[in-house]
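For clarity, chains are labelled A, B and C in written order, and residue numbers in each chain start from 1.
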């Protein structure tokens, strides 16, 4: 049984007071998320990621299609006890402290009274907020609120986690911690479904991804499979000021800085470039992929439809 | 750029100056508005509208209007006014908003009915007000008393007065005088004893300061009238017997006609005039007296004595 | 189910208290103290009357303001700030949320009223040296005021579930005003003709009846309140608030949250 089954979910809003116009936020969506995987839901801002999550959480009602989580309908309370949700840029009751808030959520999630205190403390430690006992949430920074958000999502030990932009508002250390947490959750057998527009995160974490743009699904699959069709670029850095002619034919992007040269060539030309440099006995300092291949896939996939969308509107 | 401290200083000084200016302007505004012909206007004079506007808090609004009525009458009375146009509407509104506010009916009986400057000179309106009060408070003897009071004192309608007192006497816990007054009214209407009983009852049963002061003043006047009448009679009797008028009031005592020479309620002795009339020394502080006034005396509007 | 409602109610209460709503009691205390002291100067002979009239009117008005101000934000604020998302993603039904919020605010108002009642009785004691038997009816008047709060809270909550705070405040306050002369409205409806009659009758029965729940004037005069009235008013308030809550539940059940 798939953890999440999305069966043609679609959402159209009617906009306008007098003359109602239909605005399509999500075209019929079809994909599944298997148990125990980390699934990335990618797309630029405004693509429909949050709409999809809201549909799955029952906050918004679909104009078509259905979905099932853990084999149950969307508004099934028994199912809800087994999922956790982190909304985008979460905000909480100003005047509560973090432990009070989590205690409240534990109550609503049906955590046994005896367990609540322990779980709250545990989960606060896990998200890196062990000492915020008496401080009211209105005094929390964005990063701290994000951690509280994650805490409330995992508090009741759910089987499936839905995280909307879990890294937002966090500094690099924080992001690393969240990534580690997500790995841990996967190892605990949980399913993690998260949306993001930061591709590097997705690439390092996800087993599979789905890419959405302008309300439409553009691709679903294992990262490696998706990017294998796209040619990336690499940056080659070598010592000296000489740029071999062969390299010059491959690219116009090269810079001389001090004692080194940087040049960007297509991944496919990487070997040819290295050979050219070796022939001229130039010492290669580094060869680094310039952009992540997923990003390239992303941009390539999205550009035509953006142009088309531009032509349509 | 000016430093923050300088700006704070300037702003604070300016604030102080503006405050001072606004206080002075307000005082001037008050003067201007007082000097302009004081329009006696009630902007909202419909009790029904007011009742709606009070959103269910009509009891409180009634108390507010009652306070206004008392202050209106009191301040105008003190200033020697000759008309009180707003008193009736104010009392009407007060009682429409709170029909159980008995003190308002009492006030109407005492100050709406009498002729100016002691009252608004609207005895019929006072009667209607009291009747309204009776209808809404059929078990409160005070209202029957107020009704009877108006009939007796202002309208001199002794039959109706007696009837009102009789109805009131049947109410449980009624003041014992009601029965007495009802019974005796037919025989003794117009007599001093009757009036005295009425004013005494009013004096004893009211909690309102102005009403009590008014009653006391009337009682003093009754005393003076009685004294002056008695003294003048004795003076003529003395003249008949002795052939000449007494030179001082003490002579009456010497002649055995008086056990003691009375003094007026203010503690002053009465003056024996050469023509045999008795006059009071200080008519200004004895309002309502009908006898003992110097000839050509024009009564001032009564100021209630503080000791009342 | 009921425990979740209780948790939501308690959380709503806690939020209101920490939002310093109970500080209104300071203003109330100042008002009652001032009134108790000044009433002897301004209105002699009717001190008790004025204290009761003023005190109960203040309890009623302060409470109305709180009920409306907090009530209109009960749902809309949670939607705006998106605090609602993390609640509804849990096994909490939408209707449980509405009921819990209602009970939380109602509870806050009851607590507030209890404190104010103490203030009113203290002021009363100040102006008349000892309590009279008739003073117990003041408690009935206070109870009726609490019933009024239940009704206005449910209305504020209803509007909050679909409307912006400003409009909700306007609607709720308008209904309070109209409701205070609903008796007259029913009378008017009985006399009207034709279409006006139908409209007026519908309005007259839909609008909450605050006039029956207002016994402040008679209690101020020490008059008793009929037990029949107490029973009828209780039932009416429960039924009316229940009706409005059902409406709120229906609206909220179908609302797409932004």
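To be clear about the criterion, a contact is a pair of C-beta atoms (placed from the backbone, for glycine too) under 8 Å apart; a residue touches a chain by one contact, two chains touch by 3 or more.
Nothing here was measured: the structure is a model prediction, and the numbers come from that model.
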Partner chains shared by subunit A and subunit C (touch criterion as defined above): none
Chain centroid nearest the full-protein CA centroid: C
Chain centre separation in whole Å, for subunit C relative to subunit A (CA means): 47
Centroid distance [mean C-alpha coordinates] between subunit C and subunit B, Å: 44
Euclidean distance of C-alpha centroids - subunit A vs subunit B, Å: 88
Residue list for subunit C, restricted to those that touch at least two other chains: none
Interface hub residues of subunit B, defined as touching at least two other chains: none
Contacting residues of subunit C [partner subunit A, same complex]: 3-4, 7-8, 11, 14-15, 18-19, 81-93, 254, 256-257
Complex interface listing, subunit C residues touching subunit B: 42-46, 49-50, 53-54, 57, 60-61, 176-177, 180-181, 184, 210-211, 214, 216-218, 220-221, 223
Of all residues in subunit A, those that touch subunit C in their complex: 54, 57-61, 77-78, 80-81, 83-87, 90-96, 104-105, 107-110, 136, 149, 152-153, 156, 162
Residue ranges of subunit B in contact with subunit C within the complex: 52, 55-60, 62-63, 66-67, 70, 98, 100-101, 103, 206-209
